[in-house]
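Shared between the two complexes below is subunit A, which pairs with subunit B and subunit C, respectively.
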Partner chain A sequence: MNTAQQSMAEIVKETYQTVGLPLLDDPKMRVRNANVFYADKQAIFDVNLDIGKNQVISMIGPSGCGKSTFLRCLNRMNDTIDICRVEGDLLLEDQDMYDKKIDVVELRARVGMVFQKPNPFPKSIYENVAYGARIHGLTDNKVQLDELVETSLIRCGLWKEVKDRLNEPATGLSGGQQQRLCIARAIAVNPEVILMDEPCSALDPIATATVEELIHELSQNFTICIVTHSMQQAARVSQRTAYFHLGKLIEVNDTSQVFTNPEHQLTEAYITGRIG
Partner chain B sequence: MTNSTNTEASTAINQLFEDRTLLAKKRAVARKRRNRSEQRFRWAGRLSIAFGIACVLFLFTDIISKGIGAFTQTYVDVEITFDQETLGLNSQSTEDEIKAASFGSFYKKALRDKYPEITGRTEKRQLYAMFTSDMPLILRNMVVADPSIMGSTKIISMIADDDFDTYYKHSYGRDLDEAEQISRLSDMQEGLVDSLAKSGAVKTKFNTILFTNSDSREPELAGIKGAIVGSILTLLVTLALSFPIAVATAIYLEEFAPTNRITDFIEVNINNLAAVPSVIFGLLGLAIFINFFGMPRSVPLLGGFVLTLMTLPTIIISSRAAIKAVPPSIREAALGMGASKVQTVIHHVLPLAMPGMLTGTIIGMAQALGETAPLLMIGMVAFIVDVPTGITDPATVLPVQIFLWSDSPERAFVEKTSAAIMVLLTFLICMNSFAVWLRKRLERRW
Partner chain C sequence: MNLSTLLLIILAGSAVAYFIGYTRSQQIAKPIGGVRNLATLPTYYASMMTLWALIPALLLVFFWSVLDGSIIDSLVKSSFPEEAKQFSEENLGLIMSQVSNVASGIGSIDVLGQEYAPAVDRLVSLTAISQRAMPLLAVCVLVLGALMGFRAVRATNNARYTVEKIFNVALFVCSSIAIFTTFGIVFSVLFESIHFFQKVPFFDFLLGTHWSPQIAIRADQAGASGSFGVIPLIVGTLLISLIALLIAVPVGLMSAIYLSEYATSKTRSIVKPMLEILAGVPTVVYGFFAALTVAPAIRQYGDKLRDWGADNDIGWLANLAVSSESALAAGIVMGVMIIPFVSSLSDDVINAVPQSLRDGSYGLGATQSETIKKVIFPAALPGIVGGVLLAASRAIGETMIVVMAAGLAANLTVNPLEAVTTVTVQIVTLLVGDQEFDSAKTLAAFALGLFLFVITLALNVIALKVVKRYREQYD
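Showing the complex of A and B:
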């Protein structure tokens, strides 16, 4: 057992206090005392966190620390896992997301998601972007739908590359293009929040740079939560950074502060590469 | 382990690591052993395949060599005069009287005229017996269809009786031993065949009767049309019932059902059903559909019900496998977009799983097409001469027809049995090739 692990065992007790500034005034999402269980095993412990409007918040931490689990709680994607149970208050603009009266389809239209591996539908590029608008009945006719597809693709910087082959299968695009298509598909229904689960981990550095630039642009209109393994990426794209460790939210602060002057010794151990 | 062996062992190991040529030698021995075992493994595979191919080839050559004869039929051209007197009528006879007349007289008279030297009663009977016993009906139908032929003289291709047909196709004019002779004809009849053949009146033509007639007691008149239509109707019922039920079951079990004891129990039972001998399904059909619900027996509707029970597990299992093979990332993508569970399944999972489902269905159908045992239990083994016109008409199916014919003693039915098997195999090969083609065609990469 090295020193970092030893200290971790002492520091991360059953009750703990998140250091830094987890709470904000007038946030987009509010999470209070969130606990997540997979059957009997607890994956998330008492997380309190606010997610600010039109901000990018990145979640970092070693593998298995629960950051993806936490992210998936924010649009109830965990509902699809039978054994997963979420407790606590998770609010989207003062509305309880886990209220029985909430329609989960409606919720996911407001909180979109981009996954780790680009997962376009095995349909045409056009159909991929148009799908959300179709199922939610957003457009009245073909002209509007065409316009929506074009706008979404333009906003993702993909329009020039694909405008001549909208009817070709999306699976024929390169990995980076596919991921940008998935982002275009997500923003086509104009969600309020976009959750991104390691969106660049399957991409090469150039495609990663393009996607990061895109995230930066999108943050003007959307609230974005991004889970990432790359601390450089977190530093480049986000305003706030949350550090998770073994299911606990250790520290939340402005990104610049987390990476230059971490308050908690675990955060420091992680960003300096001593644990991870 | 004693100390001495320890020292020996360590010396050996030390030697091994000091002497690289020794290492190489040891490796060479191991390599040879490995190569030999790999060769053995490869040959075992090749031999297995060769054995399989040999079996299939043997089966096919046997069936084809036995059945090819059934695709030709012997005809004899005989000049027949259609006149009123032969029928014992005169020019004043009404149409009804003509229809009721004995049309067999036409060909019997023609034969008597052709062979005036045959006078005995037995000999004459033998002469007439060389042609199918349906000749009067065939001649009558000709006259009814076209009354103007009354009074004319025409050359009619008469269908040879099965004994004549078999003798002519397999033994006549060949230098065969006594034992190899296939003949149920008398010496006089063989002489007649010889004289007819020499006069050029005997011909063999493609046997259309096989495909246009249904079952018959007379081999030369027996065909598989009724059985094919019966098979098609039965399969249509099976398909219409089993595909939707199986797909709905598979989707529900894979996508919606919670994992608990009940679904586990259902899953075990579906797998068990796939292994139940098909005759049991026949008994079930007999007990439930006929005895309890009082459905008519021998009908394609009932056959379809029973075969549905039999094919359901096959289709459910392959459909579930196809659904399972759809990557979860596609489901996540749809759910993440705000698609409901049902939308996710219908828009994304189902289209991707469809090729696998269809393949399973076609294989299930091919299985149902070749099934005999359960249909015997529900009375589809009856002797049915009419072609069924609907799913509630009594019918038989191809494999049952094969079963029936294989039981018949006539040599000509042996031939017909093999011919029917060839037709059935053709259907099966077509269906399976279609399944392979469909899978290749619809298979998508993601």
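Showing the complex of A and C:
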């Protein structure tokens, strides 16, 4: 660790208080005093954050700052990692997500997830979109299922491109199409929240623009949390921005506020490119 | 001097060559400013010199040992008396072996006839020359090679390329050995099979429903018709393999799923090696387990069932007959034997399914079993099929268990409670003991071998095709 990084670490240690506006009225999700551990190593420290309804919140920060870990806490994807332990209160509409009585499967149907690398199942395009609906029994017959697949693909702007080859393998699509398919697959289950973990990092600029547009449209109906490495992307798609540093939530505010007038010196250092 | 001493000398010589090469390159390096100014590192010069010394000498020894017998033979034969020149190949061979017996002091020259004395003398002298000349020549070649290598130790000579090239050739030779062996086996089996098909028509063999390879030695011998219909053997083979797969595929697959998806890493580290121990048990051991434990148990249960059927007037059950050697017993034990093939290969394939697919499925709210059923299993299916086909070719080729537990009777039946026999078992029984190699009975073994080879080859080709398709899935 060089001296510049060391001094940053000291700043983080001193400022336990998140600056900006982490809390909201009537949020979709509420996170209070969240701490996450991988075995003995603490990855997230005392995060307090509200996630607003039908808003896009982006999480930015240098690599390894815990933003992906935090995102994966929000639908308990971290449960699949044996050594991971989550403490604190994480509420979805006043319901404790980590309550023992909560059915994880049902929770993940309400809080969907899109991953960094497009991960279509090695099935047909149709079957990919129909997957969630089938396991949750969302439709009663083939006609309804067809309809659901169609509307999901239309909402992702993919329908026109794939309507003639719904039965072809999804792995044959281009990267950008695959990612939009994964988003269509997620919204076909009709979740309340969609978590996106760097959804555009494996895509070219044109596909990225399409997906960003899509995120913008989806925010009319869904609450979206997006982790991104691109500050331009955060500025383009999100209403609020949260800056993480070494597992601590440093600053949360309206996106325009964070990018034009950051309160915390670490945030400023990051968005001006001095750390990261 | 015997061969092993000679080999030791050659090895020692090339070790010396290594040392000399190393020292020489250091010597060269010193005046020109150190090792960095040599074209390559001293170890490469040393290796190059070693190879220069070692390879020609070894080649000489090899070819000498392989060829000297036949060369001496032909030279000795040329000194046979005139009348021997009209003899047939076989007779000449017989005389030759008598000559060499006499030469090594076993027989007496009187039995053979004095006219063969020059041949015997020639053999003795030629053998003596060969035995003395070979080590001498080999050492000469070794030294010459080392000298050539020594000359090549120059600051500008990039010995690395030479070593690299020789290594390349050595690797190529090793890999072609396996291929040539396969060709050799195929051709030897093929030629004997052609002999067989000259005696027995091809379609009688392929479509015949009766297998009874005994051929009458005397005309009045009873029950020795000699019919070579392969169908009962195929049916027996397929029946036993099918039973084995019915056991091995579900058990192996489920244990693979358990190990790769559910088991904690600690359980996995204990269970997986134990499962693989099954693959290390010799098939003979499985064989007597099948013959002494499983087969009698099946028979006992069968008898109990029959008595119970008789008591309760259930007609078909009362007529139940369980042979003490049954396809079922052999199939069950063989199934246990091939469980590790299925489970180990499936486990690898399931583990190769990317974690991102699991995450994707969990992220949509699927449970673990739904994820396995709907995403992981279909994604891994081609690989699993490949594993199952490999296990199937193993089951088809298995002999020991069947010999011991399923019997030798070539019954054309699909009843697993009866004794059946398989292709491999018949090959064994046709070839054990003293056999004449011109009778259809013995040659039938080669035809069966060829037949089996074609079947397992086809299975392997299918397996490879399937596995290849699987590889393309995620790329």
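Heads up, the rule we're going with is that the second predicted complex is superposed on the first by the 268 of 276 C-alpha atoms of A that agree within 3 Å, B and C clash if a C-alpha of one lies under 4 Å from a C-alpha of the other, contacts with A are read in each partner's own complex, and residues count from 1 in each chain.
One rule holds for everything that comes next: a residue touches a chain if its C-beta (ideal position, glycine included) is under 8 Å from a C-beta of that chain, and two chains touch if they have at least 3 such contacts.
Remember, predicted model here, so these are calculated numbers, not experimental data.
Asker: Looking at the overlay on subunit A, is there a clash between subunit B and subunit C, or do the two fit?
Answerer: Pair status: clash.
Asker: After lining up the shared chain so the two structures overlap, which partner does A:Phe259 touch, if you call subunit B first and subunit C second: first, second, both or neither?
Answerer: Neither partner.
Asker: Quick one: classify A:Arg185 as touching subunit B (first), subunit C (second), both or neither.
Answerer: In the superposed model, A:Arg185 contacts both subunit B and subunit C.
Asker: Between 113-121, 131-139, 149-157 or 185-193, which subunit B stretch has C-alpha clashes with subunit C?
Answerer: For subunit B, the listed stretch overlapping subunit C after superposition is 131-139.
Asker: Is there a shared patch on subunit A that both subunit B and subunit C touch, and which residues make it up?
Answerer: Subunit A residues touching both partners: 75, 77, 80, 82, 105-109, 112-115, 117, 119-122, 131-132, 135-136, 171, 182, 185-186, 189.
Asker: Applying the document's contact rule, which stretches of subunit A touch subunit C when the two form their complex?
Answerer: Listed in rising order, the residues of subunit A that touch subunit C are 75, 77, 80, 82, 105-110, 112-115, 117, 119-123, 131-132, 135-136, 171, 182, 185-186, 189.
Asker: Going by the contact rule at the top, pick out the subunit B residues touching subunit A in the complex.
Answerer: Subunit B residues touching subunit A: 258-259, 327, 329-340, 343, 347-348, 352, 444-446.
Asker: Spell out the part of subunit C that touches subunit A in their complex, as residue ranges.
Answerer: 264, 354, 356-367, 370, 374-375, 378-379, 473-474
Asker: With touch defined as at the start, can you tell me which subunit A residues reach subunit B in the complex?
Answerer: Residues 75, 77, 80, 82, 105-109, 112-115, 117, 119-122, 131-132, 135-136, 171, 182, 185-186, 189.
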